[in-house]
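The structure follows.
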């Protein structure tokens, strides 16, 4: 598809600007606050702390899983969630966020989701590093399976951009859609296997539907690295499911872009 | 729309066209970086991106980087430039496609670029006239006039410039509303108020100025005679007076908008009297005799 | 520089219409399907003109006439619905006071930001930076975020960047050249320098006096249509006497 090729070329041509904008995006979000960069780490840390408390101390349902304490099992799934959640709503809002750019200067609209994705990815990488440190600190073994993390990072980036391109364009045109995205946020969190294992759900049909969720694959992927110690090629079916959903978003995003490329700056 | 050229021939035609125009452009703008080439290349020439296309041509040694910061054509590249394709591009008439031109060119092998172009434009003009796309018809008359100028056929050029102005001031955009008024679907006052100011497109005025000496009242009458329309806001005398004012620098906007408005009023009265039956376009539903007066 | 008499801005039969959708459902449908029954607003109607390298052209027209849409098309921000827009060369335009500035970045950072978006290398920008900073007269404010600037300061920076990045085509919206008398005089001097260097100059203004000062040719736009194109004195006279 010519449009897809055009989008890729735009990313290559504007790569310096995209990287620069991603860096600025990051700086902008945290600049000025007293703790500045610290908030990027502090906010997730507080969230995890609260959930840990709720499950192990409050509800007392957190049992060790595969030999790892519930807390470690929890954060290995939670850390990727911070990136995914930021991209879920951030990706949808990305075009509006950068309307000031595309409406006044010649800048390809298709490159905007990448800016947001890269900026969130940088934060994610820092959090992952922190998580590894926590694992070591708690005496849990670090294995060679961590070498497949870059694979999952790549998938997260690709998925974030595909979703951003699709949802960003729809949001540009429909406020209702954006509200839908925001309202389904909580539902997404609870249906993605962060707090419980999908494999323990009773009912094949239900498990099947839940597994279609691409977020589940990414969460599971991180768990494969840290807890389950499985290589990604050992679960080909899950990867296939993920790729199908990913390609669907790519197809929709590119199709809409080919239709609206010339008029989107008029509606933002 | 081409009906005779098949798919792969169209692709070859477009590719040759893109290369010709792009390489010619490179030669003319050797200091310019590819990123500053016209964005319109991406739609008009069917290329994905100027920078990558330039790099592709450079790999094929059709162009090469120079010391000025841009590209120059190589000897091999210059061979790829088809002067008629370049002429087509530089003529710039958005209504016609290069494949249509190519098809005509094959039939007019021995003749000049203008002969093929003329056929294509004329065909498009008739098509648009049938569709009732009057701004396009006006633009096409203008383009045909420009084409005649290229061949120094000044008589024909003058004719088409006058025809363009004639269509522009014909009042055709208001024809539908007049019919609706006669059918009672629109109030007379609404139609009268909807009449807006009409201004002569500058490119046409410039063309008329260049051929002012050929344009006489009879000349204008001839244009009217050869291009019958369902509605005529101006009489030949009025259009001739307008041309003289525009070209002679005596055009007073307030006076002329007043005249046009008055002419429209007269047109409305006339339409009411005759019921517009006599002016119905063949094929369209005729108004009942006697109208609604 | 492109050789003189080469056409650098070419509009042919350009029409720009905006769809006015009544509700979200219509808007969503337009994303996937082609035929929309939305009402259309015509911003630009059948515009055709040629501007050659080195010309100084004034664009006259009331607010809402379609001038900013036309300029956006020249800058490559928006595209025609019908017709062809061909622009050759680096275009430097400030389309609105805060146009294209990142509000969180400082003035200095924005120079690089804007410059890189126009395809200018970082090294070239480093060369141009001192001139731009000096011209803007912002002093230490140059390192403060744009969101702290007044609209006058934004215009000063905007004009300074516009005028000093060696464009091939420069668009100046007179409504944006603010500042005190001295700054405006400086802007005028800079514009004259630019004109003499062969850059194509487009000047958007309501003031026919200013237009006559800098430009040799005038385009008059009214309700999206080009109603006059010719010598600046005639264009100014036409604009002033235009029947409302």
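The chains carry the letters A, B and C, assigned in the order they are written, with residues numbered from 1 in each.
What we mean here is this: a contact is a pair of C-beta atoms (placed from the backbone, for glycine too) under 8 Å apart; a residue touches a chain by one contact, two chains touch by 3 or more.
Only a predicted model underlies this, so the values are computations on that prediction, with no experimental measurement involved.
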Could you draw the chains as nodes, link the ones that touch, and say if you get a line, ring, star, complete or other? complete
What's the chain with its C-alpha centre farthest out from subunit A? B
Intercentroid distance (Cα basis), subunit B paired with subunit A, Å: 52
Starting from the mean Cα coordinates of subunit B and subunit C, work out the distance between those two points in Å. 27
Separation of the C-alpha centres, subunit A versus subunit C, in whole Å, is 39
Multi-chain contact residues (two or more partners), subunit C: 76
Mark out which residues of subunit A touch at least two other chains, giving numbers and ranges. 106
List, in ascending order, every residue of subunit B touching at least 2 other chains. 35, 39
Listed in rising order, the residues of subunit C that touch subunit A in the complex are 18-19, 24, 27-28, 30-32, 34, 75-79, 95-96, 98-105, 109, 112-114, 116-117
Per the touch rule, the subunit B residues reaching subunit C in their complex are 28-29, 31-33, 35-40, 44, 92-95, 135-136, 139, 196-197, 199, 201-203, 206, 249, 252-254, 257
Footprint of subunit B on subunit A - complex, ascending: 2, 5-6, 9-10, 13, 106
Taking the touch rule as given, give the residues of subunit A at its contact with subunit C in the complex, in rising order. 16-17, 20, 24, 27-28, 31, 100-107, 169-170, 173-177, 255-256, 259-260, 262-263, 265-267
Per the touch rule, the subunit B residues reaching subunit A in their complex are 35, 39, 48-49, 51-52
